[in-house]
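Both complexes shown next keep chain A, but they swap its partner, so chain B is in the first and chain C is in the second.
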Partner chain A sequence: MQFLGRVGTVLLGLSLVLAMCLPVGAVEPIKIGVLGPMSFTQGEGHWNGATMAADEINGAGGVKVAGVMRPIKLIKVDTNEFLSIPDATNAVEMAVSRYKVDFLVGGFRTEAVQVMQDIAMDAKKIFIGCGAAHPELCTRVTKDYDRYKYWFRLTPINSKYLGKVDFILLGTAAAIMKKTLGIKKIKVAVVAEKAAWADPIVNISQKLLPAKMGMEVVGVWRPSPVAKDCTAELAAIQRAGAHIVFTTFSSSVGLTFAKQMGELKVPAAAVGINVESQKSGFWEATGGKGNYTETINTYARVAITPKTIPFYDKYVKLFNQAPNYTAGTYDALYILKEAVEKAGSVESDKVLPFVEKTDNVGTAGRVVFDKSHDVTWGPGYVTALGTQWQDGKIQCVWPYHWEKVFYEGTVPFKLAPWIVDYWKNKK
Partner chain B sequence: MGLLGVYFRRTVGILRTEVLVLPSRVAVLVFIVALMALPIFTQDYYFLRVLILTSIFAIFAASWDLLSGFTGQMNFGHALFFGVAAYVTALLNLKLGLPPYFSIPLGAVGGVLTGLVVGIPCLRLKGSYLALTTLAFPIILTGIVFAIPEVTGGELGLAGLSRLTGSRVMDYYLTSGLMLILGFTMWKITDSKTGIILHAIREDELAVRTAGVNTTRYKLLAFCMSGFFAGVAGGLYAHFMRLAGPSGLEVGLSFQVIIWAVFGGMVTIYGPIAGVFILYPLMEILRVVLDQFPSLPEIRMFIFAALVLLTLLFMPEGLIPWVRDKIETECPRCKVRNVFSRHRCRICDAALD
Partner chain C sequence: MILDIIIDGLIKGSVYALLAIGFSLVLGVARIINIAHTALYMTAAYLIYVGTKMMGLPAPVAMVASIVLTVILGLLIYNFFIRPIQEHEAAVLIATIAVAMMIQEVFLMIFGGHYLGVNPLIDGYATILGVKVTYQHLLALGLALVVLLATRLFLQKTRLGLAIRSTAQDREVANLMGMNVTRVAMGTMAVSVGMAAVTGAIVVPLVTVEPTMWMHPLIMMLAIVVLGGLGSIEGSFVGAFILGFAESMVVFLVPMGSFLKDSVALSIMILVLLIRPEGLFGVSFEEER
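Now for the complex of A and B:
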């Protein structure tokens, strides 16, 4: 009898240990599919941003869903979308039907994202885009809300707004040049890589600059996106007497152009879009010759919000590079966390109203989605940034008291000394 | 009932005397049965999607073999037919509201016309000159696509096409069924009198011309036929993906189709089909396997390339002809194929060793 009592005690003890262990193991994680071309910088950004957020959330106990703390489990989905659109769709279908993800974040190439969007909408999965800028992706939401309501775009701001920022940066640089150098009419060389996406910017520049911005377009140059030599264009630009080179580059030509412009000391300020100059390795790649190159950007080490600098520093520490806009997956995860906790569920239809009502202070600004589920752009929301390389450091130079917006850490736009000397001596 | 019995006995007879006697034919039969029976066992969306795309690309690869393998007209820009048909299909569906069963055949007609447009200037060209010229066409068309975005949708392409059918299983049966029918049709073409002339043009065009055959007409016919079959694939793709975009004209796709065909075995029709059915799902299997090791770098494309290179190093004729030569032997007298284990020909009783 005594023996039976002992056995009973041991069994009870074991049951208690098991009972303590079971709930931890039984909690089902929230699965989030991170979509991106993982062999490329863009996909790396998607994954890095998401892992950072997931580690932080899980470290703090997880996501509280109806009173239960659930961890986030990320599913890495290599879409290979630069090389194959079918590959991208297969990857998303696998994430949705095999891995049963609850949410999707990421995507980059617009043509591929459209198809990925369709798969996500068929499965009624909330998909927060962090990479494709084309407005059509959100226009679909307004055209057919019932079908596309699960789609949201977080980064970057859409290409219409990117265009606006592009011209604001140009206008700001022109105003500084006028004031510093006493130039009456700014002459602009429009230089855009020979790619379809750059065509609208070139067309608008030719109309808008003389008509609305009081500038003169001295010429349009369209080097190949992979050009290894731009000296002919740069010589022509210098001969044309341009004060500003309005750049539109997303490919490697941005590196060549910036480097040779510095080597030749072309007396013109490079302003616009140069994706290469958003990368941490730009300074080394140009041997420092890319100094003073300005570009639109999403992240820099400035206090856009109280979260930006800690995020930026941690990202650089962990991944040894500055975050690019695809790392917006970081904010996407926090937006989902907030919405899921409010909804008390991971079901898309229950979470959706809370994502729609998002008013989240993220790392790139205050995130509020508009009616088309696009991130709102403007003062008080996400503005995007203008960054300039200044003596080996990437500095935020815009917004600099634009519409009363100023982020702590922002510095004034600088003109290269040889530009100042050239135009002062020319007088 | 009696008639049914006659047909049944005839079918069994054909199976026994024509199909079961050769391992390659048994493999084809097993493949067809497995393909048709698969949805009974699984209706997994992902699995079916992969096989639907595999069937579409199998038609596409076989159509390349028809032109470049059999006729020797080396086409490095085969994506042109695929892309044009996809765009035509998309425009007909989106602008005129034509359903897939009209838009796809009409898209394929677009492929035929493209075959003519490409074929005529290429008639005088041979070898690498022909290959480079054909490579230029899809690049030119990509430029046109970007130049008129109001028609083509520019970099976004044309999206929102109506679905192929109402369900994934029906999509699967339609694409795999069409793949089998069109694959069989292409194979029959190559086995016909026309096919023999096409083959002869490839071997020695001058000799065929001296025999009084209008080779120009036959070469153009090959371009048009290939354009038609590639066009069907392009139309199916556009409706299944619900998108026709510039990616359908990419140089990468033109080279992909060559890799599939050469890997499977050129000048066979079934070789390229098998090539796609091995390589395309293989990429997905690699994805699933490598997903289990998230710390590994992305080595899917590397493994794929290494496998293709190794296969072609040891099997220069392609995988399927190599396997076929291992399991079957050709009778030196009557040229009929026999299973490798036989010592005497099943038809003429000649010694096989």
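Now for the complex of A and C:
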């Protein structure tokens, strides 16, 4: 008994010494949950952008909150939203309740982000979306501000503006074809994956192209978003005599379509939205057959702002791939840092007014949130880009002196040589 | 347009036929509903990607290696997951679903959800009667026909082929006649997986390699097998071309509904089954009982 008593006294003494050695009030990190399908390119973009920003911020000492420098701790939340939306719900619940994150960034599929948004709003966590484009996500803020005020969208621009850019790209390509090939009336094949977000673009195309843009719609094709073969569609498009294929793809069909279009050397320019062609792996996955594919994009190696090229180069150096729009988490972290430092707190209600007042020169343009907490689009703000694959490189081809906007490094849009040959010989 | 439909339908049908005949063979002989069949087709596709893109092997070497490795994997799956429960068809069905999901998850873990591609063996295209067809598609069509012919000869002219056919007709009688039905089943499994692997090898330059690429061919393959008659090799051959042509017709005749091509193909299957429940070449259910 006496021996046990001595051991107890020693242990108690040791505990006291250990307790005295611990620093009083150790600095608690700011926890940011990064949401994304981490096995897929989109999730990799979320994580890469966030880690790059977090490393830079922590390297510079952290975030100054009420005089204390606090580091950022990222929590990787794999939403698996491509394969299962319930997985996304569970992942966000876990981030909020178990890991007790202070803020959330990321998300990709609108259907999944809507659910994630609800969970984040219930937990009163500021959530900066970097992936989903549907306007409804921000309409919710105007409809029910008190509930959805913690939501902001940073990338990409919403699908309404994406549609605008889409038609500008189409008009630009049509003008170049008319001038280069002497075509009087441009014939357009509208090809859009069968998905709800693509329906408005198809409907508007059918009305707008003949009525306002002086083009002829030779047909509308709606392949499945995951179609593995588009040769039949391409044969029909060529039979229809299309000069331009106006694409609306966000899924794997974009890769299949571009690859087969290049293999068959279809004499039409592919212009529009093709999310797969925003990725560095597109060139290899199509075996170079996706050359000359044009798409709306967020990043390219052009001087949108003084931050763009350094960000782009560092990203490529670190991750061996070009950033896609989900890497907007990089800017999201800097926006949060600025707001937290101004608020002197990590409490959502204190930080919120400062996020609302954001006027930040980011990597994709000047970020100002509108009343619906959506990123503002237009000259002087975020414009988005038109990029085209040109001999193995993603080149920015738009804005090319549009509304006095020109980013250093932008090059002219190119027509594939077989398109030029075909239509010149046809005359 | 008719020419477009014929050429496109022929190419699609031949690829489906390769998959469906392999599946049908093992179903007819060993009563194994191997849902992992198209997951093995995907395995061959990934192995070719690894061989050509990551290891820098010449494409033909990578193709042969991938076929051999896939057959070995298929036999391991048969030995460890199927054989112990072979007598319980429902259990085999569920086990092979699990195996297919496992294969998918393994590839997802290793390669992520990235869309990968393999270069065609022959670049360029030919114009046949005004229809552009890539050489790789023509090669796929040619190879598919050669493989189908070789399978037919194998089944008709070899001792193992005879054993497979007799086991397919009546497993019990084949057993009583002194055939080692387990060994025949294993041989059939090897041929069946080999066909899945060959299909993967032929098709890989035409498709996007990704961890869920096995699902769509699985649905089409099941539809073809049911349409042709469960376990009937002739039925699978004919069924594959019917669905291939049906898909092409939808795209050419209803461009706005080209996403419906799979649904239309499956509807044709249902229609045929309503008229002829045993499928085009199947044994009637009454007779079977």
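Basically, the second predicted complex is superposed on the first by the 402 of 427 C-alpha atoms of A that agree within 3 Å, B and C clash if a C-alpha of one lies under 4 Å from a C-alpha of the other, contacts with A are read in each partner's own complex, and residues count from 1 in each chain.
Keep this in mind: a residue touches a chain if its C-beta (ideal position, glycine included) is under 8 Å from a C-beta of that chain, and two chains touch if they have at least 3 such contacts.
Keep in mind that what you see is a predicted model, and the values were worked out from it rather than measured.
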item: Superposed partners chain B and chain C on chain A - clash or fit; value: fit
item: Partner chain(s) touched by A:66 [first = chain B, second = chain C, both, neither]; value: neither
item: Which of chain B and chain C A:411 touches, first, second, both or neither; value: neither
item: First (chain B), second (chain C), both or neither touched by A:226; value: second
item: Contacts of A:175 with chain B and chain C, given as first, second, both or neither; value: neither
item: Contacts of A:98 with chain B and chain C, given as first, second, both or neither; value: first
item: Touching partner for A:87 - first (chain B), second (chain C), both, neither; value: first
item: Partner chain(s) touched by A:285 [first = chain B, second = chain C, both, neither]; value: second
item: First, second, both or neither for A:39, with chain B first and chain C second; value: both
item: Touched partner set for A:318, first chain B, second chain C, both or neither; value: neither
item: Chain A residues touched - chain C or chain B, whichever exceeds; value: C
item: Chain C versus chain B - closest C-alpha approach in the superposed model, Å; value: 5
item: Contact residues of chain A, present in both the chain B and the chain C interface; value: 39, 83
item: Parts of chain A lying in touch with chain C, wherever the complex brings them together; value: 37, 39-41, 44, 82-83, 193-194, 219-224, 226-229, 231-236, 238-239, 252, 255-256, 259-260, 263-266, 276, 281, 284-287
item: Residue ranges of chain B touching chain A (in the complex, touch as defined); value: 44-46, 49-50, 53, 146, 149, 154-157, 159, 241-243, 245-247, 252, 283-284, 287-288, 291, 294, 297-298, 300-301
item: Residues of chain A defined as touching chain B within the complex; value: 38-39, 76, 78, 80, 83-87, 89-91, 93-94, 96-98, 110-112, 114-115, 118, 134, 136, 196-197, 199
item: Residue ranges of chain C touching chain A (in the complex, touch as defined); value: 1, 4, 8, 11-12, 53, 108-109, 112-120, 125, 131-134, 136-137, 205-208, 210, 212-213, 216, 247-248, 251-252, 255-259, 261-262
